[in-house]
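Multiple structures are listed underneath, in structure tokens.
Both complexes below contain subunit A, partnered by subunit B and then by subunit C.
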Partner chain A sequence: MTYIAKPKLHHPSLVKNKAGYTRRDYEGAVSTLCAGCGHDSISAAIIQACYELDILPHQVAKLSGIGCSSKAPTYFVGASHGFNTVHGRMPSVMTGANLANKDLIYMGVSGDGDSASIGLGQFAHVMRRGVNMTYIVMNNGVYGLTKGQFSATADKGSISKKGVANSDESIDLVSLAILMGATFVGRSFSGDKHQLVPLIKAAMAHKGAAFLDVISPCVAFNNHAGSTKSYEYVREHNEALNRLDFIESREEITTRYDPGTTTTVQQHDGSFLRLRKLGEEYDASDKVAAMKRVQEGLAAGEVVTGLLYLDPTPKDLHHNLNTVDAPLNTLDTADLCPGSGVLDRINASLR
Partner chain B sequence: MPPALAAVNDFVVKFANVNGSGSASANELFARSILRMGVPVSPRNIFPSNIQGLPTWYEVRVTEKGYLGRRGGVDMMVAMNPQTWAQDVKEIEPGGYLFYDSTKPMPSSMFREDINIVGVPLTAITNATYADARQRQLFKNIIYVGALSILLDIDETKIQGLFGEQFKGKEKLIDSNVKALQLGRDWVTRHIDPDTVKLKVRPSNNVGNRIFVEGNNAAALGAVYGGATVCAWYPITPSSSLAEAFQSHCKRLRHDKETGKAKYAIVQAEDELASIGMVIGAGWNGARAFTSTSGPGISLMTEFIGLASFAEVPAVLVNVQRGGPSTGMPTRTQQSDLLSCAYASNGDTKHVLLFPEDPKECFDFTAEALDLADRLQTPVFVMTDLDIGMNHRLCEPFQWDESRQLDRGKVMTAEDLEAGKTFGRYLDVDGDGIPYRTYPGTHPTKGSYFTRGTTKDEYARYSEEGAVYVRNMERLQKKFLTAAKIAPQPLRYSSPKPTKHGVIYFGSTSPAMAEALDHLEADGNHVNALRVRSFPFSTAVEDFIHEHDKVFIVEQNRDAQLRTMLMADFTLDARKLIPVLHYDGTPITARFIAGDIANKLDQMKVVPFEKAAS
Partner chain C sequence: MKPTDISNPDYFHKVVDCQWACPAHTPVPEYIRLIAHGRYSDAYMINWKSNVFPGILGRTCDRPCEPACRRSRVEDETLVKGKKEPVAICRLKRVAADYKDDEGILAAMPKAPAKNGKRVACIGGGPASLTVARDLAVLGYEIVIYDQDPKLGGFIRTQIPHFRLPEHVIDEEVGYITGIGNIEFRHQKIDSMKKVLTEGYDAVFVGSGAPRGRDLDVPGRQEAAANIHIGLDWLSSVSFGHTTKVGKRVIVLGGGNTAMDCCRTARRLGGDDVKVIVRSGFDEMKASPWEKEDAMGEDIPILNMLVPKEVKHDNGKIKGVLFEKVKAEYDDKGRRTLKPSGEPDEFHECDDVLVAIGQENAFPWIEADAGIEFDRWGLPKLGETTLQSTNKKIFFGGDAAFGPKNIIWAAAHGHDAAISIHKMLIGENVEERPAPGVNIVSQKMGIHEWSYDNAPTIDHRFKVPHRAKQEALKDIMAEVELGFDPKLAFNEAQRCLNCDVQTVFTGKLCIECDACVDICPMDCITFTPNAEEKELRQQLMAPALNPTQDLYIGNDLKTDRVMVKDEDVCLHCGLCAERCPTGAWDMRKYYMEMTQAEHACRQH
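== the complex of A and B ==
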């Protein structure tokens, strides 16, 4: 899993970002996933996003559950702490971690088995609590590590590698996340870096519960004819609603588009999201319309991608709990312990 | 007719009520007023898993000597629940007293010949005074407190003082309660010879500066003083009032004076799995975190407990034990989760348990558990139970050493890393099995590592190599031995006479045990006692067992769980450890302990052959 270390030597010509790090500083250990696995493309997109966002690598906390996808955090941002928790329960651990230190950037990585099967309950609750995080599901519709069983996101009627048709309804995590109160919801495809990287950047800048469902074909067990999570199927049925440009507040907006073809939204942290229309009219700020469009896509067998729902001014869990500005893990004895004088008064009230 | 029971400051009054009728506060008022007279009391709620309409009891032991365990037996029954009448009447000791609402005449078959009957027409008095149904119900309770205060000689001014404190600033409420109290007092004064009841309360001075508090409240306060900033919990009887008390303590004590913002975060999670997950996430990230739960919650948390133990993440769990297994007896008490907590998880796993004896130790041990969890980087369980957790108990006042600092254990800082100190997350640098950790976000290039439930080497790198696995497991074992040294040590109480008989006990058995030891001693059964306060066991526990020929192990469970753990940890002769087990869901009594031990000692007495033959 992590025993293959990458050489630390970097080519001197590598370009440093504003934080002083090269793209390679955001890499992790060498991946041990199968060659061609979609998950590796998503890890690469996360690395690219962190590099472009000028994030200090150690300011990221990576959390995952169990499964192929949950191994992925080892393969990006190696200078940050990671936590491979238990199957389906990463959301609660991430919630606790976030409560302890509101200043880190929380990246949760999970899979369709981890989030939609065993972990559906925690998935729903972490969204409704508004934990400030980026939650990425590397969605391949199949259990990889245990060799090819259907997961709960496998579409009804899709055929397994062994030729069995799935008779259960699939769970659409995008619909669920919107319903449960996530304030940034998108879907993308591991094979579409141009769409994916800006989505990850925008999600990481979002100060609330951000969820990305990334279809990520499993080359070993779910990339055959009859699968609806194969490279070929997703390429053919990808219905991108918009293209996103992520613009940090301090950057000047230089590229010009024809009037009426873009919508610009400012997020709470000051960053701008410019959404380029692709064909149809789509308003990502309209929750009801978003749910309708996602459901229409599901009915039509489309893989609807893009930024699907955005509340640019979310209120996160810390806001709701009215916690102090300093991270809770920095408070010391003087901050936390009321002292013996107070205790004497409490004793007096108990006599 | 046996003689009427006569006692001063040493008797048991039991109230039989219907839950949801407002009786709880009146009964507590009764207990507190005696306490204010300087006489120790030990009250216990015996309640159903229900909100309204089912039987509930409140038992008050008045005890000049300060025996705070449940005595067993009832000297006076205040029978306010027709539903349980027969059972309640049956429970009264011969010569005892039945206090009842005599508004409606009752056939003599409903009473007993060998007890004293005291009837007060409570409903008639109430109905003549109050028109409102709710008022009738609530004030009827106060009226019987008034009646009892005359019969038992309880100082009226103490009760009025308590009204004043309870309804401070609400003069109308004070007046109406005083009026109801007076109704009861007047009726009894006019109609009953005060000497009818020979159980009396006399002012004394035996309460001292002790406080009267529930264990759950005390544990919650301990969590505040111990620096817990994250609490994640899921409601479950009998632990819910602990998290709620933490919330109310934090509201008063943990808000920034200038900004009003909270120096804590409390989340009511979706279930126990999420509760412990949040605690582990917070602990991993350097905040002190705890959850409170009961047995079924521990069952659900077990997978996560294994992770925290193997990945070495601090976590504190307060387990307010109830009757098990499964849903078991949600509103009854037991000490039956020792094994499920001590060995929670798949694989070879052992956890640190602390056993508080009363609310004072609930406070101390919860604060201590937060230090221990950080120092040992592992889950620590505070094993309280319903008897301590949900009953008011007289105990020593809380104390806090002003110079005490939160002990965060071995944490490497950015400065340490910058200075070039070697960091291996699971490297035993100091020889105590406890490695150093870093908090996420500490340093841009040094000190990061991956936390996982899989096996790893000293530098947190994944490995399934046998030798690496064994090294890690042996270090964890070494860490466990370190825990035995730094956790609260056992306390020994020696008999004034040398003896080869010992008794080991723990937790809420403590007050009953103290009393049982007095009984045993008085009967010439000399026994040394050891109160175990933590697991892993200190070597002092093994020494104590070796010093004695027979050691009684007193527990409130069926399977002698502590005994099983002792057998697992030490090389002992099983025949030497004699279980004394009480597990019907009621708190253990001194009568039971002393009786059972005396019987067993009798059976052990070897009668010389010649004597037996003659």
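== the complex of A and C ==
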């Protein structure tokens, strides 16, 4: 909790982006989360990503469920649309919103409780339907708002603040998302903005179901020895498979890398993703290999991060439903009720 | 870069830009906060201890603190609706003097203890000598101050017009010093240093100022002498009531603050058509910007790039001055020379000319064999901090030391000289200077509560109300500036960023959660691999482009990175500490006071 609003004064070198806004213009209200909460860093990364993508705030819709994470949309991109839904039901509200107006940029913000417990079913379906969105789970492994009980993503055997070991298996949302058909899946860490910001940018540019599992330590209830979601543990066990550079157009690729160390992928919207190899050979476009590597990581106690799976040519919900190009909410009565003549023609075609 | 050594008192002192820039190192933010709290007397006493003349300086100081003020680097023109401006530090000082409890202050003044048997002579009764007297009288020294004028104050009394500095303010603040006791004033012009030395003083302090105004050397100067006056002498004569009028058309030559005082005084003594004519360009003029502004506000035009060539007269009756037009040329080293522009000469009619083209030091009364060596500019050879001359018993300060400066420098010199004199007379090494007194205390009051107003305001600098021009020009005794009222003073005080409340970082406690980085409104905090300063300055959240401002390097982090904070633009809003979950950041008030003679010696 912070008593004063963030001062409006800013660094003299703050520059405006192509949309005419400074990074500070993408901020929201001052955070009421606990000091040091990883969620605030993710909010800052989203702010940075939106600023760098020259996004018009009024074209963003932020949807969230219930929980600490789901409070977070208040703290970024204040001038956008927001919907705080019923617990675990954000995916269906987002699906509906996306159906009605596909022109907005959809950002779902949820937590491990909201997505892996009460909303697990909704989570699975929004992925398999391919809703064009960026779905971010701020994953801290505990129920922070109810004082730190283990959530469904807590690793088996990790120790609670009170000293009790978790006896249940954990749900790995990354594996689940890949399995359910998400076409952009990554994992990152709130304490590593160099990795997180490009992932958010690439996910926002992705024209399909993009999912980011962001480990976000709960300073109040899950940042102690024995926790597997603490700042220290994640830093020590972070196994980044690649580094992502998000490039808006081909002309801007200037830095040269040794051949064989980078893979460049073009996304549907024309943007390029350049994956810099870190150590081992990893092909993010191979779904089966991705699932295997993520599971291997889990077994080895690694926190595997980076862009884990990417289908650069996804088919989204609107494609699958074969909707018209215009957003449905812009269709007027004449479009929706074309008259009895048209109805007669349709009926005739069915006879 | 090496981790910052915050135990070095200079590090945090430098962050308090105003205090660092002040020759006397007055703890500015502390007294500004006290003014905001309505504790005017406490604010006054902080000033009084540090700079001796708060009421006088609050009206006349050259305010080196203000150009240094961080506020003028961080304001946003669109937010504050105006150009970036420092806090009105100088005028807030006056607020402390205006609203203090006079009786309480008088009662709080120190009293001289029993005499210690040592006698010190001060030559000249200006701010430097008065400071020496104050600092030494409280230690039991017997002080004798000599001055050629009938009252103490020196330049303050004789050269600064009363419409800028009312005489009662001088009387009051000089009175605080003489009231200490053990200080004797002798209205006596000194014409021989050797004679002073024969009187058995244990030490002599020379604070005689830079009393000689430079003269004009052009044809016609001598013939028309009746209407050509040296600015310094003329102001002094006005101050003592010997001169009460001036011609209708007046030309003031020179571009310094004395010229500004001359022209504004002339406007009040019958000058209807007063103009200032300067050799240099407008921006290079030595006068403070606000003094130029005030002069122009009284309908006094300032004409630039004109060099006086000849005084035209009719058998000694002045007609005017002929000027040559010049232009500035710069050589490859950036040195300026004024070359004739080739345009026709300009003639300006006038009834009187006031010459304010500079001051010179003059020590005709110091004999060559008095043991004091002078340099080739005619200034005494002195120890830079000790102010001791080559005659170990004789010290210099104020304008007499390093040439014309200003009142706040005189006070700073006075403190330094007093320390030297005291050290010498108790047999300590004068070269060993006392360390400042430093106190650093956390300002945390609750989980997210600080003992200072940490939310920066976005108000534009408030203007000091002025007396109406018509009224002001009618009466030479009427003070033009009316001073802030308490409400304006509060609002102006709230513009202060509290730079003395320092962001102190303890790396061992840090969990590197980035909360401080994310909340900092100025993007001044970065966690990054260490590098050389030049590289680091470029790889921060926002580039640190002001090399005069330090980077604060914090180490002891688990990841072996360093915390780098660019001190340049920090608002001291405390949000980094407020968002820090582990108390790795803390806001600590750094109170630094220069050690004066009273506590400077016998450290054991």
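The rule is simple: the second predicted complex is superposed on the first by the 322 of 351 C-alpha atoms of A that agree within 3 Å, B and C clash if a C-alpha of one lies under 4 Å from a C-alpha of the other, contacts with A are read in each partner's own complex, and residues count from 1 in each chain.
Here, a residue touches a chain if its C-beta (ideal position, glycine included) is under 8 Å from a C-beta of that chain, and two chains touch if they have at least 3 such contacts.
The model shown is predicted, which means the values in this text are computed figures rather than measured ones.
Looking at the overlay, what does A:Gly36 touch: subunit B (first), subunit C (second), both, or neither?
Only subunit C is touched by A:Gly36; subunit B is not.
Name the contact category of A:Phe83: first (subunit B only), second (subunit C only), both, or neither.
first
See if subunit A has more residues touched by subunit B or by subunit C, and give me that chain.
The partner making contact with more of subunit A's residues is B.
Considering only touches as defined above, state whether A:Ser340 meets subunit B (first), subunit C (second), both or neither.
Touch status of A:Ser340: first partner only.
In the superposed arrangement, what residues of subunit A touch both subunit B and subunit C?
1-3
Please output the residues of subunit C touching subunit A within their complex, sorted ascending.
Residues 73-76, 79, 447-449, 454-456, 458, 511-515, 517-519, 521-524, 542-543, 545, 558-559, 569, 571, 573, 575, 578-582.
Within the complex, which stretch of subunit A touches subunit C?
Subunit A reaches subunit C through residues 1-14, 24, 30-31, 34-38, 40-41, 43-44, 190-191, 193, 217, 219, 223, 231-232, 235.
Which stretch or stretches of subunit A touch subunit B in the complex?
Interface residues on the subunit A side: 1-3, 56-59, 61, 63, 73-74, 78-86, 89, 91-101, 103-104, 121-122, 125, 129, 317-318, 321-325, 328-329, 331-333, 335-340, 342-343, 346-347, 350-351.
For a test of understanding, state which residues of subunit B touch subunit A in their complex under the given definition.
The contact residues of subunit B facing subunit A are 207, 209-213, 221, 224-225, 227, 229-230, 232, 253-254, 256, 259-267, 269-271, 273-287, 289, 303-304, 307, 311, 397-402, 404-406, 438-445, 448-454, 461-463.
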